[in-house]
Amino acid sequence: MIEVKHLYKKFKKEYIFEDFSISLADRKVTSIIGPSGCGKTTLLRMIAGLESYEQGQISGINQRSISYVFQEDRLLPWLNVFQNIELVLKSKFPPKESQLKVQEVLAQLDLSEAAEMMPDELSGGMQRRVAIGRALAYDADIILLDEPFKGMDSKLKNEVLPQLAAVWEKAEKTIILVTHDIADARELSDIVYELSGRPLKKVETLAD
Amino acid sequence: MLILLLVMTGMFTGCTPEPEELLTAPVKIGSLNGPTGIGMVKLLEDPDKYQVTLYQSPDEVVGKIISGEVDVAAVPSNLAAVLYNKLEGDIVLIGVNTLGVLYIVENGETITNISALKGKTIVASGKGGTPEFILNQLLVNAGLDPQKDLTVNWLMNHTDVASTLMAKEGTIAMLPQPFTTIVTEKNPKVRVAVDMNAEWKTSQKMELPMGVLIAQKSFVEDREADLAIFLKDYAASVDFVNSDVKAAASLVSEYGIIPDALIAEKAIPQCNIVFVSAQDGKADLTSFYEIISAMNPKSIGGTMPDENFYFKGIK
Amino acid sequence: MKISILKESSKTKSALILIFWLLVWQIVYTIIGKDVIVPSPMDTFVTLSQLLMTQGFYQDVSATMSRVIAGIIISFAAGLGTAIAAHLLFIVKDIMGFAVNILKSTPVMAVIIFALLWLPSGNVPIFVCFLMCYPIVYTNILTGVESLSKDYIEMSQIYRIRKRDLVRSIYIPFVAPHIKSALSLTTGLSWKTVVAAEVLASPTFSMGYNLLNAKVYLDTESLFAWIIAIVALSMAFEKIVNWILHKGKKGAYNDRSKAFI
């Protein structure tokens, strides 16, 4: 279980999180929704250890590996799809195994044909899928996703969502995703939290 | 203006010109800050008649001749021939003004003759002028190859060479007068290592005509009277400098050629300042040109100057 | 008819432009009339072709070219090393930044005259080339390294990418265009500074020495002939370097990087 306790976080001079607490269950898919700009991304970044906070405690992440799907993809433009995913596996697996994993993930997300293409040759939705694939291939305990379906039209979403759901069900990972689309959140997640108020103090659980 | 000139010239042709003290217009002269400048120090006293500019290196004088900014110039003797060739006869040699003044000078004690220069590096200036070719000839006479047996660092002018020589121990330089006297007076560690003029006379058996006076052909042809006055005044200046050294030295220091009058007094007699007419100097000059052009034809601009190069005298 | 001539192949166009300028030269020569100022194109090319047949020409060319290459290599070695050090240690960045700013504003002539005082004449051109090119290399590489987006660095932190993969797969490909642009900028500059230094330092084997000789002997045909040789070689050198740099990977990203050049 990942626990955020009594978190205080400032942005410029204002507090955006004030005495904020939330618990995120392991091995479940949790969505966090809320209006744009309310701090969802910041929360995710703090959990990932990319951002510091003024006061409070985040426990349950020590020693555990984390995958992160960034809002902007952050694929390396000079590597092709295959190489982008392979890069993050180099420190974990020997080459042959890395390559198999990459192929596996590409197949899972229907990207095998694009393996040799460069990121700027792909559509926004495909780039997103590559970023997600990278996170999956890394095989971390915790997967954090920031607006994973941004840039995907409903047709694509209808293809990708079930794929993801299938993958996630099999694997026993802790998945936390941040989105503004309630429908997506509902379809994929076990738990949905809504952030509200400024500064953020509380969290509401939406009925599943 | 031109008509007036022509009229005045017309009045003088056909008879021995009477030394008129009046010039039709000031004479613009370019000279160097060495013996040639010293030689005309009396002319510096007369800025209405003679607009003399002293330059640091022959390059600058050559530029002024080509552009026509000066009527008369003092240049190294070989450059006079080069200019004659390159300007297709538009200049005339009107006299020899400096004989041998070249020395090897050392901030140290190792060099005693030319052969000792083998394998060394020397500093010098005046590339393209007589020092370069005199040095090469003396090296060849001593059995050395100028290209391979020593390195010459060509600096921009003699003042820079003098500064380097005085500052750095062990420096060997080729320097003309008056710089030779100046450096040996200022820094006791600096001594004359080789008297190149004596060496030349011994091996080549002739004088060393290093510096000459040239004039624009247009000046010689159109302002003959002015030229006559100039030559007379110039010869007088040379006489004065050689006979009344003390007075000349104070003038030389006043005009900044050699700031220290006492050093100037010692240097002037060494400067071999003369005035030899073009016709009188022709024989030595021709021999000199032959010697240096045998080593490098470019030293005189490719061809031996013909007799139109030498001023024939006032008619 | 006229429009179709303008649209002809670029090779023909270049040839025609060259002929145009040769005509301009010929006209200028005829007007000025003084050989010592502007020589005739014909005499110059005769002199040039005579030069090309002498062994001395090739000795001088290779001497100059090796100085250019040496200068570039030293600039890049120093530039790369100090840029990386500056990125890692703030104090290096401050110290070098100061030096580089001064060097960038120093005129080449001043550097040459200073170097002449204490270096043997053969090395002066290399030293001068280094001092002039190093600031460009250092600045370009440092800018490249520092402009690597924090985004990629965060990504590499999350995925715990090893240092050696970080350098090999992220830093080097990102900084490569900056290195290439530095190289492009310095090829032309290195030729100019080496030859200029050679004119003043006059080492026996060099192209610059011949420029100096031509000047003092008032040999303007040789002067122009040597200038043509120097310019032609400098341009050829730049073209070859650019060709080598362009043999990169395919893909729009790499084509974009060529925009720097």
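When the chains are written out, they are named A, B and C in that same order, and each has its own residue count from 1.
Basically, a residue touches a chain if its C-beta (ideal position, glycine included) is under 8 Å from a C-beta of that chain, and two chains touch if they have at least 3 such contacts.
Keep in mind that what you see is a predicted model, and the values were worked out from it rather than measured.
Trainee: Which chain is most central here if centres come from C-alpha coordinates alone?
Mentor: C
Trainee: Write out the two chains that share the greatest number of C-beta pairs in contact.
Mentor: That would be the chain pair A-C.
Trainee: Select the chain at the greatest separation from chain A, using centres from the mean of Cα atoms.
Mentor: When every chain centre is compared against chain A, the largest gap points to B.
Trainee: Give, as an integer number of Å, the spacing between the C-alpha centres of chain C and chain B.
Mentor: Distance between chain centres: 41 Å.
Trainee: Could you give the separation in Å between the centres of chain A and chain C, each centre being the mean of its C-alpha atoms?
Mentor: Whole-Å distance between the two chain centres: 49.
Trainee: Could you grab the centroid distance between chain A and chain B? Build each centroid from C-alpha atoms only and quote it in angstrom.
Mentor: Each chain reduced to its C-alpha mean, chain A and chain B end up 88 Å apart.
Trainee: Would you pick out the residues of chain C that each touch at least 2 other chains?
Mentor: Residues: none.
Trainee: Among the residues of chain B, pick out those that touch two or more other chains and give their numbers.
Mentor: none
Trainee: Mark out which residues of chain A touch at least two other chains, giving numbers and ranges.
Mentor: none
Trainee: Using the touch rule from the top, collect the residues of chain A that touch chain C in their complex.
Mentor: 48, 50, 65-68, 70, 72, 74, 76-79, 83, 87-88, 90-91, 118-121, 134, 138
Trainee: Write out the stretch or stretches of chain C touching chain A in their complex.
Mentor: The contact residues of chain C facing chain A are 151-152, 154-155, 157-162, 165, 169-170, 173-174, 249, 251-254.
Trainee: Can you name the residues of chain B that touch chain C in the complex?
Mentor: 59, 62, 66, 82-83, 86-88, 121, 127-129, 147, 151, 153-156, 164, 298-299, 301
Trainee: So in the complex, which bits of chain C are touching chain B?
Mentor: 34-37, 116-117, 120-121, 200-202, 204, 212-213, 215-220
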